[in-house]
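Once you scroll down, you'll see the structures, which are given as structure tokens.
Below, chain A partners chain B and then partners chain C, in two separate complexes.
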Partner chain A sequence: MSNWKLKIQSRDKWAWPYTIFLICLVVLPLVLIGVYAFTDSTGEFTLLNFASFFTKSTAINTFIYSIGIALITTIICLLLGYPAAYIMAMADFKTPHVIAMLFILPMWINFLLRTIATVELFGMFGLPLGEGALIFGMVYDFLPFMIYPIYNTLQKMDTNLIEAAHDLGANRIQVFTKVTLPLSMPGIYSGIIMVFMPTVSTFAIAELLTHNKIPLFGSLIQRSFGEGGIAMWNYGAALSLIMLVIIGLTSFFGGDKEDINR
Partner chain B sequence: MKKTRTTKLETRSLWERIGAQSYLWLLLIVLYAPILLIIIFSFTQSKVFGNWEGFTFGLYQNLFTGYDATANVQVDPNLYRAILYTIVIAFSSAIISTMLGTLAAIGIYYMRPRGRKTLTFLNSVPMINPDILTGISLFLLFVFLGISRGLGTVIAAHVVFCTPYVVLSVLPRLSKMDPNIYEAALDLGATPFQALRKVMMPELWPGMISGFLLSLTLSIDDFGVTFFTKGSNGLETLSTFIYADARKGGLTPELRPLFSLIFLTILVLLIIMNIRTNRQQQKQK
Partner chain C sequence: MQKSDYIIEVKHVSKQFEDTKFALDDVNLSIKKGEFVTILGPSGCGKTTLLRCIAGFQVASQGDILLNGIDVTQMPPHQRDVNTVFQKYALFPHLNVYDNVAFGLKLKKIDKKVIEKKVKHALKTVGMTDYEYRDVSSLSGGQQQRVAIARAIINEPEVLLLDEPLAALDLKMRKDMQMELREMHKKLGITFIYVTHDQEEALTLSDRVVVMREGRIQQIGTPTDVYNEPQNCFVADFIGESNILDAIMVKDGVVNFCEHDFECVDKGFGNNQEVDVVVRPEDIYIGKVKTEDSPWALHGEVKSCIFKGVHYEMTVLTDNGYELMIQDYHAFEPGSQVGLLIKPEDIQVMKKERLCNTFDGEILEDNNVRFLDEIWSIPERVADRFEIGEKVEVEVDFNRVNLQDDEEDGTLCGEVHFILYKGNHYHLTVRTDDGDDIYVDTNDVWDNGDRVGIRIAPSYIRLYKKSPEQNTL
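Up next, the complex of A and B:
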């Protein structure tokens, strides 16, 4: 018995390399963001990095604007993606997985190149680049991330429940609002997180789709690490920490984290 | 199975079904329009994306010969270096992630609940973190430790965001595995390493493969993390190459045939895989 226990115990040690790896390359770097955010370029403690963010109206405006754009993108993705996922899950296609694959396939083309192609497409139809193009491009880039988790939950759903609801006299709208929708909430949560997180943090897509005219919060962060030397790093770290808080809050309220990865 | 199907769309009217299907196809058309554009314009030799200058395979020829015969110039050699680096980085990080992640998954599976919870949480952090934060935090780490950025740091960074997916693809295989076979192997005199290789690996293989493929995909598609960890020694992957290119204004025309080919390859692979699974399903029936 003790021998058996020993073997079991020895196997949990197999996770040690990864644990050390995670501490060095995930935990420590995130702690460093905090350290840089609360210090100046000489390493002294300061709150100036945050002060300069909260007093700069352009920075604050960009921040609010980015969150707004991310929210709009997420909502549009949900409104477009849910019906698509629903149809795919419920339809009697001979090969539902092929359709699901078709929605994922575009992701194999580098997203920057796809974004550039979208810019071209706008040019061909004579549409101006700007806010509209930005939202369209982001929806275009992240729609599959909304469809897939919702499709997955809907597909695993027990269809007998729908049948039961019908048998018990619920009409179709009632069946949807009382059975299907509540049961697909985990998928909706994952979809929202998977779309909101990248849209709120992107910088390259915004640059390409607006010809650098509309900076997003991500662009602010990127710029403070690109130019200006070390003095800007601390400011950039403060901005990163703010974003980290938003991401943390979103995933916390987004509920079941394990669902994101299915 | 047949019975549940009747509660689905079949009970709906014909018009509803047509409406539902056309909605899907409309979405797909919009989704594929830019890709189609890339493929179409890979068959013309214009420098500017969007100008049609007659049908030709010229760009494909340029891509493979590395020489633009009509303009008498070399195709940007950085493009080929970017392709090479993308492949090297993707395979190294996928291999490392698969090994690290598989070992970690086994460890996590046999851990006490508390350690297991902590590690699962830590494992989910790189997945939740947006690429810009992963990139910047690692950038600060490398600067802080005085590590010069280059190929090594990019691979390490890619391992960071790939390994969690390997862990999550291997874990379900472990719960399906008979827990006694590893002990049986040890009792029969195998060393832990032999037991891992000969007994556990065959069971975990499918999870490892899907983790590996996912890692490859994530690594090839990554931009944000690479951007902050690549340093300024001229190391570029395809993503950062395209970004730098687009910022300069002109996109290297040979990117169009390159991505058309990548897209078609993936498409063909998916079709083959689909046919194979269909056949297997039919055999099972």
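Up next, the complex of A and C:
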């Protein structure tokens, strides 16, 4: 008994390095963001950082615009990704994994490299960079994150359920709307979260694909820290906190739905 | 003119999946309106495939399926007037009990009040009233199966297909559900086609039993028919306990097995023909031997005696070396001397499917013959009678095939596929890696699935010219 306890205790110790890592690089920065967000450059408590965000129309507009772009990207990814995942999961390919791999393969390459390649491609074909290029680049970068969770739920779905629906008189379209789609909702939710969250906060793609012309919310934060100097850190921290809350809300909302469905 | 009698007709249906043997091989089956038909067989016999072809989930490679006289072979499942109860229930997890049951009716866009009435009625039929708004995942296996049945019968199909619906339930529950299914069948008056591997279930439930093996129908008959008059060893062995023995039909009404001439009621097999006989363990009378000139047909010693609840199951080794299984209400201690009697009508005589192994062969150089894609040597005096390259018929007796533990020791490799105990020896079916069957009589004990090497001594390979009359040995 004591021996067994000892083993558990000694195993607990293995988690220490990661705990220290977590504290130093996740918890502490979060606390610092909070502290900076609610203080001014002299260290006094203030709500001015937030006030200036909500009063500055450029900041608010950028924020809304970022969310809009993220939503459009997510919707396009869903519209492109669902059929792809569906075809992959339903067709009796002898090697579905190879095809799944083809969709996953772009993820092996760093997204910055892919984005730079996209810029070059647009240049090669003489296409203008800007909003269209931005959405194209984001869809291209995040499509696999939509396809994979949907493919996963569809593939795990009991084929008997589809047969049962057919058997009860449903044609192909009815089988899809009444059984396949509702049962793949968990996959859709996690796909949406996995695409929406990073697109809301991205800035590198926007910088590269719009030649820095269209700033996203992520870009605002980045500029506050990068170009604004130490005086802007407090404002940047407030923006970060706002984004954190938005992302937190999405995942909370999405995760909740997923639970209900299971 | 008989067309209207049958609700389902399966005509010469074969189904072949890619690169495998036939899942269904020329299946013919006609089912009357309102019948309760069970398709019975071991796993992999094609019973589920047949059901799925009728349901429309699979399309037959050859042949036709008629529903009410209309060819539905190519018709998709949602247009067929049949409904299926799946083995694993297949209830929609995102819908509650009510919506699951109403699924079929809602598709038809029927008035909501009518749907509600019908759902209530269907749930009442399966004894699930008051469960309407329960989550299906909160139900027990038996309850889920009831909902699945309600969902299938609410469409009022002409035929209800049931694919091992009770297989996942525990014994007690299964027995209860069997009775309820019978009742439901009577009440609803629709045709039930029921697939199972459980022979007891098949005998209990059905009007007719269809016994299948390896894609072929072995026998179709009432439960009493298939039990009392099995048409071959497989059916006899698969359904119930049985003693299956090699026998010789001496003449009409007399059959010899266990070295004794028994009176029987079977006729028309010809004189001195090799046959198989089946005697059910409960049909053998057992008693103590008292005087020298007793009335017993066979004498033997009890080897084991096991209490089975209602009866005792005993193994008796007869004086001439046959082992028989006997069921009786009285126990006889192991070691006691007993006499055995069998009534003429309790002996079921069956034509032997084959008397020896036969293969197509070809004579090769250097006293060799090729059959089953292997080269076998034969004695020179036999080889001399044929031309090189001549096609011949090869025969090998069951007891002349030699099985080796080590696959390397055999000319050919195979797997023990089916075992039949014949009282004093085993009759094995060995399937070679190319899918051919070799039948073997042996005293050695093998298990199903054992890998074996197959050897045949040259002198036991009999060759005949292709024209069957000329015996050249």
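Heads up, the rule we're going with is that the second predicted complex is superposed on the first by the 229 of 262 C-alpha atoms of A that agree within 3 Å, B and C clash if a C-alpha of one lies under 4 Å from a C-alpha of the other, contacts with A are read in each partner's own complex, and residues count from 1 in each chain.
Going forward, a contact is a pair of C-beta atoms (placed from the backbone, for glycine too) under 8 Å apart; a residue touches a chain by one contact, two chains touch by 3 or more.
Remember, predicted model here, so these are calculated numbers, not experimental data.
Novice: Under the stated touch criterion, name the partner, chain B or chain C, that contacts more residues in chain A.
Specialist: Looking at chain A, the partner in contact with more of its residues is B.
Novice: For A:22, using the defined touch cut-off, is the partner it touches chain B, chain C, both, or neither? Pick first, second, both or neither.
Specialist: In the superposed model, A:22 contacts chain B only, not chain C.
Novice: Taking the superposition on A as described, I'd like to know which of chain B and chain C A:58 touches: first, second, both or neither.
Specialist: Once the two structures are laid over each other on A, A:58 reaches no partner at all.
Novice: In the overlaid three-chain picture, which partner chain does A:163 touch, first (chain B) or second (chain C), both, or neither?
Specialist: In the superposition, A:163 contacts both chain B and chain C.
Novice: When the two structures are overlaid on chain A, which partner does A:12 contact: first (chain B), second (chain C), both, or neither?
Specialist: A:12 sits against chain B, while chain C stays out of touch.
Novice: For chain A, what residues appear in both contact lists, the one with chain B and the one with chain C?
Specialist: 160, 163, 166, 261.
Novice: Which positions of chain C touch chain A when the two form their complex?
Specialist: Going through chain C, the ones touching chain A are 55-57, 76-78, 82-84, 86, 88, 90-94, 103-104, 107-108, 151-152, 155.
Novice: How about chain A: which of its residues touch chain C in the complex?
Specialist: Contact set of chain A toward chain C: 158, 160-161, 163-171, 174, 178-179, 182-183, 185, 261.
Novice: Could you list, by residue number, the parts of chain B that touch chain A in their complex?
Specialist: Touch residues, chain B against chain A: 4-5, 7-10, 17, 20-21, 23-24, 27-28, 30-35, 37-38, 49-50, 100-101, 103-104, 106-108, 110-112, 115, 119-134, 136-141, 143-144, 156-157, 159-160, 163-165, 167-168, 182-183, 186, 192, 217, 220-221, 223-224, 227-228, 238-239, 242-243, 246-247, 251, 255, 259, 262-263, 266-267, 270, 274, 278.
Novice: Which stretch or stretches of chain A touch chain B in the complex?
Specialist: So the residues of chain A in touch with chain B come to 4, 7-8, 10-19, 21-22, 25-30, 32-33, 36, 80, 83-84, 87-88, 90-92, 95, 97-99, 101-103, 105-114, 116-118, 120-121, 123-124, 140, 143-144, 159-160, 162-163, 166, 193, 197-198, 200-204, 207-208, 218, 221-222, 225, 233, 236-237, 240, 243-244, 247, 251, 257-258, 260-261.
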